[in-house]
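Should a chain be cited, it is by its letter among A, B, C, D and E, assigned in written order, with residues numbered from 1 in that chain.
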């Protein structure tokens, strides 16, 4: 079922009024959504229960300081009996689904509201643009120059349409200045729209073409990126050059939505070194680089979660040394995903490849 | 390639089949090149991706994993569980320039001393053909 | 005649190793409509093959009495493709030029074979006539029947063939090269 | 319904087979289109001499059928049916044979690209014709005098078991009963008739024929329905030779034709050696 | 222990002349001495000898060694020896590591230098690894002193009696209304020909009255949880619709029941029973059941109640419901037995087509005094057969059905032959592929049957048909013809007979697979339960505390079944008699602080050794079930699971030391 939420004040207002009605009509107990806080222009994942506070919600802002699946999974750790509406980007939903597979959270209390995502900007760039012109949450969808400013992972993202949602906020084929489309993807979603009195209409004619064009464009960009990255890492020496500036700060791991270990193996003693062995090795080889575990770290992380990487790009965003972590995760990850015919976040029932074994695997 | 090149090979083997096969190769005095170093584990199913990555980054020229034939696993299906993981790591290492042939998975049963000898000799030959590992003489980690 | 070589040929080239599975239960012989006419029952033939008595095997009429009813094959508890093995033995006997004591069936098949090689199709009357030149009694004993058939327009005297029999001359080269039976 | 039809060498002279098949095709609107320039399948004879030639023969036929746009090959003869399937079976398991075959076919600018399924006409009648069409076509009540014994011979159900049980099939019985024909159950359904061995070894094969005929008579059958020209001929001619005539041997298509009320003249029934009017209660 | 306190002793073994000529043991010892934490390194002729071990023990005491490395043969040979020495000397047995320089260096390397270098590497790796070894302990765990036996055939009955006699509480579960199993259907047993009922009935009574055996008939096991010494078992008791405590087994109810035409399962459908029935007169317990599918009241809700009216004890209770019972046992014996092969797919033998073709079980009933004919071997028409054919290997030794030999058919077929001869005087033709009679007095029985004039034909029957060879022969009218080759004379036989008995093979009992899955015992390709070791542990299974008895493990005759039942009982009793079991030391450990509760480990564990603690949201290892395979450690995405003695740290250190 597809409907259009009209608002003279634009799509953001339309979304707010939808969320507000969810609260006022007691369809949910709280709404999880990116909203501006008093401290910064950067919208942060927030949990809103009172309808008047919805005015701060800004889910269409082209920025995401976190992959909000991490915060969402805290709320969904167990079924509290409270109903929650969660407004999330496609990559956030896909990460959330991976976390559900790993029993880190449950979806029972959630009404998932996905956003069709045209990408996010790096935080600094967003703040700068926001300062220059207010209302970027609408102008972003109209100004082609701004679209050029999205971060590199978004630039190659071909999963801009959310999957597995109840409702999807649709920005394709819609003039954001006049409202936003909403599509019910589940029975729950349809019920909500019907209850609110929206009627089923034909999606705008331009929608399909826009989606197709973007898909085409993104796939092309992705293959360019993957080719370039494959070249950059094609032997271990090049890869070392690529990550030469790695400080081993673990920011990428902390930002990663599917890296959920309570304690990373890299902070344990598993990779400790005996001084005597290092000295013996140096004697034998003439010279060794003292181990920093940077290469080990990235390769191990790839082996660990390469199959589950949702390509959200937050690892690159947070790297203080500007290493394109996401680039090689996307490149290598997709090889692993192809090998097992696995796509993270595609289907909640799709088993994690390493947990299924068949006789004919030889 | 390089006549002087003597590869370093790590063999991660399960206690019940391939380690026993190595013992049998020993008792049968089936000699093979001395480049192989066996690391005994209880089951191929306990081989962590980290071991393989570590071995390569520490300078191993080849890693061979030996376990029981499918259906013969002492722990029912540990070897099958291992298979996918090893393929996965192999795929990743391949992206970073480690030729797929440097990582080999072989089922060698407890009674196959001869198989063990043949496989080791053959694997060393393969690695000699490939030449030293890209990380040789460096330490990356 | 080199029995060992022939045995190897039967096992390896013709993939006849299935006889090694035989448990000599006799189901094939018991199921065979004509086994009591054979020099050796199929079961015995397999025992001979395993003993390496290939000349005796190829010289026997057993394989030529096989009517390809496949009854043995569907019943064999070891799932040995008995009928298929009979074909291999017939081909090998032809290759070796060994005629069994009762040489009629190879003659009939040969006549059939040559006819098809030449014309691409078979005319039963022609088959009977050509075969009859070698074994006149078999054909003559059917003369009365032939008259009856003629009366009912069930005998075709004009030879059938494909449109341009010349086109299939390659059958002759296939004949000479003999792909090994799989 | 359009099928590639492979009549085989014996079809033309088989007692009323052609007449009855054509009559049924007309009545039921079955398009059985003869594969142009078809060749002999080689039967057991060619396979016995040289399997390469046998494979090339089958290969040519398959290539022709494909060339002329057919998706299935229909045979009316057990030997053709099994020989072709045997060849296909070998090609499926050893694809390199196809390359070999194509080397030869090339001289005739033919190419074997795919292995078409081979089916028996019985399968078509029993499974492809909608029930409605049967009801429409069936004019009269069945001839109540006929107690039909279905006779399959060897090569429809064997060696593959996909046409039902290989020793006691009941496809034909079920099909005939659907048309209101009275069938009898007996134990000689898939016994061997002697096939081409009848020519050189008539004496050896005589008991095979008499066993079948006697069993049918014992179980109170008065006509046998065959599905293969070779079987029909051996059982039909064999009775005369054995001097035990009395059980007509019809093609199943003739029985079907009679059941539908088609005039027996159109079914070639007069071509049987043991004539239909001889039906009597020849119980043993 | 602080790192600077590590004192390693390294011992290089010459192994007589096995290691020393190839490996320069002194050089290796010298090399070892230079490695970190190595306090002492020596070489000695035979480390595994008593003086060799004494050496280690003395050094541990004298030099305060707390880690030991022995470089000698394979750990599969002497690891336990040296671990014991460590323990004797007072250090933990896991503070030990072995370097295999015999099988991996001395014996397989041609060049002496290379062999020595390899030996050094292996020693260095062992030294590096042992540095990170942790002390591990095994623990004693108390067991519940009771035994569950699943299946009440002769195997289960015997296992129950043997275990009960040892004083253990036994629970015997049987899904049929009575115990007895297949043996209760037999008339005579080979080769002694003693009456099955005569030896069986007392056993059944013994089971029924045994003070240590609690019998659950008409019951099934629905779930099994737990581990050795402590299995929780849930049993489903199907409603008999009769109050067992009131019923006195008088049988009047069966007489009065108006529904009389139900094929009797016990008589292989050769006779009829009533809707309220006891399968056979000697049934234990002697309480009938009401068949809910045929009873007028239960199936059709129509008025009847004949049984209720006549039951003076007032035992009929149409309101009985299925009941669940929970018990705890220390050990389980599986005795689910077999099922006779259904010969219908072998149409060539005409079973189900010709009425005079019988299966062996049908013949057992036909021949049994309590059977449909009162023990007379009669054809359906009521006449004695004059000629009988017995066909061996029906469904057995047949790649199309069951490839294995069913082991008992030859002998029971010859028993049939004898009985037919004895009771009817009929001619018997027996068709076999090979006669297999490898039991005590079995070959003698074969000889006896031959002497009795049974035609033993070596040839598998091709077909059974009603087509007669000579229909004119009036004697053969209505007979069947058995067609076979006599492979010894090479004659094609067509024997007209009156009756055909198909000696069908044995298959695993229906539902055996479910029982196996419930408990975790695996089956082979044919469905028979897999024993722990084909030679050395034939009654044990991979699941500790679970044993096998009788045909559930593979076809067996009665003496073997009883012997195995006693063996299984002996093992179960031996396990429980100590009162405790030791846990394994080298097992999985899940760090509760690191566990994220994803339950991946629970999924991969084939031994059900990992439980999820809902309360704490973490996985916990059951140390009695864990076998130490390490699947969980690898699968654990957050490195919370590890295998003791094969930790990441230990393996990493070994790798790093090898790759100097």
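By our rule, contacts are C-beta pairs under 8 Å (C-beta built on N, C-alpha and C of every residue); 3 or more make two chains touch, one makes a residue touch a chain.
The shown structure was predicted, so the numbers you read here are calculated from the model rather than taken from an experiment.
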Query = To get from chain A to chain C along touching chains, fewest steps?
reply = 2
Key: Most central chain, Cα average position   = E
Chain whose average C-alpha position is farthest from chain B's own = D
Task = Have a look at A-B versus D-E and report the one with more C-beta pairs in contact.
result = A-B
Task = Name the chain whose C-alpha centroid is most distant from the C-alpha centroid of chain A.
result = C
Note = dist(centroid_CA(chain C), centroid_CA(chain E)) in Å evaluates to 51
Ask   = If you average the Cα atoms of chain B and of chain E to get two centres, how far apart are those centres in Å?
value = 36
Message = Can you compute the centre-to-centre distance for chain A and chain D, using the mean CA position of each chain? Integer Å is fine.
response = 66
Ask   = Tell me, which residues of chain C touch at least two other chains?
value = none
Remark   = Among all residues of chain B, those touching at least two other chains are 50, 54, 77, 81, 85
Request  = Quick one: which residues in chain D touch 2 or more of the other chains?
outcome  = 167
Inquiry  = For this structure, enumerate the chain pairs that meet the touch criterion.
reply    = A-B, A-E, B-E, C-D, C-E, D-E
Key: Of chain E, residues touching chain A in the complex   = 35-36, 128, 131, 593-600, 603-604, 635, 637-640, 648-649, 652-653, 656-657, 660
Message = If we count contacts the way the header does, which residues on chain C are in touch with chain D in the complex?
response = 33-34, 37, 65, 67-71, 73-74, 81, 83, 87, 90-91, 94, 104-105, 107-110, 112-113, 116-117, 120-124, 128, 131, 135, 138, 141-142, 145, 148-149, 152-156, 160, 162-163, 167-171, 173-175, 177-179, 181-182
Inquiry  = Quick check on the complex: what are the chain D residues that touch chain E?
reply    = 165, 167-168, 187-188, 211, 214-215, 218, 284
Remark   = Counting only contacts in the complex, chain A reaches chain B at residues 230, 233-240, 265, 270-271, 281, 285, 288-289, 291-296, 299-300, 302-304, 306-307, 331-332, 335-336, 339-340, 353-354, 356-359, 361-362
Key: Contact set on chain B toward chain E in their complex   = 8, 10, 15, 19-20, 22-23, 25-27, 29-32, 34, 37-43, 45-48, 50-51, 54-55, 58-60, 74-78, 81-82, 85, 117
